[in-house]
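Two complexes come next, and they have one chain in common, chain A, joined by chain B in the first and chain C in the second.
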Partner chain A sequence: LTNTSITDAQEMETIWTILPAIILISIALPSLRILYLTDEINDPSFTIKSIGHQWYWTYEYTDYGGLIFNSYMLPPLFLNPGDLRLLEVDNRVVLPIEAPVRMMITSQDVLHSWTIPTLGLKTDAVPGRLNQTVFTATRPGVYYGQCSEICGANHSFMPIVAELIP
Partner chain B sequence: SLRHVGGLCRKHPSLIPLFVFIGTGATGATLYLLRLALLNPDVCWDRNNPEPWNKLGPNDQYKFYSVNVDYSKLKKERPDF
Partner chain C sequence: MLPKAAWSLVLGKGGRGRRGMHSSEGTARGGGKTPRYTNCYAQRHYPMPEEPFCTELNAEQQALKEKEKGSWTLLTHAEKVALYRLQFNETFAEMNRRSNEWKTVMGYVFFFFGFAALVIWWQRVYMFPPKPITLTDEWKAKQLQRMLDMKVNPVQGLASRWDYEKKQWKK
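Showing the complex of A and B:
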């Protein structure tokens, strides 16, 4: 195991530097392209504003008229049998499936975060800033999420419920 | 130390691609960071102008790379005020 024949392998070292670098670059460039593609807006059908407060959400459907309502969590005493504790709200966000929906998310007071994990959505609600997320749901149903940025005493008690109807 | 690196490369030429790739990566990362610091509309350096985002043009592109959307050709859909 003396090293008489295994030193100075310049050609092999050059190859095993350049070849993996080429492979990694050829993986990275299409991947970055996809990353920028996911950021593009695919012509949404309509726009809904979601405003976070301490400790509830306000939804504004202002494209075709002015529908504005608050969405508070249902206290446990008000739940019906079969409802989910700490997840149900009084007024759900009703949306159609198979239509690109643009959500403009902001906050009235402190940081919140509008999340629906099963739809792959999480966008921070920052006061003084308007964040945008676009999604297209494909299956009808009721989708739950919870506020995902610590916002005070009732941070765990301001859920988000999206009801997607065909 | 650059001379030292040159000496190393002469003795072991297989190190050259290593320095090239690492150097390109580090330079690229630094340049992108500088681009973000200077051109990102969320970053503000001027104390006397606290709201530079009000000056953004509707046809400017601020992304590094835009795949499908051509910002200079976007039509204006809303009225002036």
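Showing the complex of A and C:
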């Protein structure tokens, strides 16, 4: 490590630091552009706000008038026979099928995550930030999901139920 | 005759055994960590101890040691064995012998299996809350019927395995 013929090569070292940096930047910038180009273009016809609290969800339908309601999990004693324990809620999110729906998701206290796996949706609810996800469902039915970001004692007990109607 | 004389060298006074003659030097380790053994005991992981096993030799043994300084071809078999026993406390075969420790270990293991089973049984009887109503058979049947009516996972999952015309599971 102290051989004099391998020390003091400042010029070479500068070149082989700067040149790869230039090469990598020239790879990265078009790549980022392509990444954003692959984002789909939708034109949502419907916007719903979903706000996570500890430990329930609030949905706001404010496109045409103001409808705001909370969605709590149904305790097991309140279930109808045949219902799914820990998944049923009192007020479901009712959405239309075959229409692009924009969900704006945020939180009022801690991190949550609004998820419906069968629709391929998972978006974190970050306090102080508005996240957006757009989807178009094709089949009617009832779709279940559960909060996917640890948010306290009842994190497992704040499900999401979407009722998609034609 | 001669072998007996050779063996008497090893046994020392009246069969007190080899242990009476071993070196009682300090407990510098031969290679192990336990303080039980001194550096004249051979162990499996350190088979060549630094000190000979017997250092306090009586006259006969000293004579044998002198004889050892000569040509070894003059030593009889019994004398060679006696010299080995002076130098080492155990032969390799004795040192590497098996023990019945595994039976003790397995006994403890099974005992704790049983104890754990006892604890689990007690918990089930005295501690666990009652199962939720959704785990009864009739609830599960209604739940399944509801899921089939909703056509849950119709492509590859549950509803895809139910034949809706014949109202039975697909074969």
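As a convention for this text, the second predicted complex is superposed on the first by the 126 of 166 C-alpha atoms of A that agree within 3 Å, B and C clash if a C-alpha of one lies under 4 Å from a C-alpha of the other, contacts with A are read in each partner's own complex, and residues count from 1 in each chain.
Throughout what follows, contacts are C-beta pairs under 8 Å (C-beta built on N, C-alpha and C of every residue); 3 or more make two chains touch, one makes a residue touch a chain.
Note that the structure is predicted; figures quoted are calculated from it, not measured.
Peer 1: For A:R85, is the partner it touches chain B (first), chain C (second), both, or none of the two (neither)?
Peer 2: The second partner, chain C, only.
Peer 1: Using the superposition on chain A described above, determine whether A:T118 touches chain B (first), chain C (second), both, or neither.
Peer 2: second
Peer 1: Could you look at A:G141 and tell me whether it touches chain B, chain C, both or neither (first, second, both, neither)?
Peer 2: second
Peer 1: Pick one for A:D39: touches chain B only (first), chain C only (second), both, or neither.
Peer 2: Only chain B; A:D39 stays clear of chain C.
Peer 1: Please indicate which partner A:P76 is in contact with in the superposed arrangement: first for chain B, second for chain C, both, or neither.
Peer 2: It touches chain C, and chain B stays clear.
Peer 1: Intersection of chain A residues contacting chain B with those contacting chain C?
Peer 2: After superposing on chain A, no chain A residue contacts both chain B and chain C.
Peer 1: Write out the stretch or stretches of chain B touching chain A in their complex.
Peer 2: 12-18, 21, 63-69
Peer 1: Flag every residue of chain C that touches chain A in the complex, lowest number first.
Peer 2: Where chain C meets chain A, its residues are 132-134, 138-139, 142-143, 145-146, 150-151, 153-154.
Peer 1: Given the complex with chain B, which residues does chain A contribute to the contact?
Peer 2: 10-11, 13-14, 17-18, 21, 32-33, 36-37, 39-41
Peer 1: For chain A, which residues count as touching chain C in their complex?
Peer 2: Listed in rising order, the residues of chain A that touch chain C are 76, 79, 81-85, 118, 139, 141-142.
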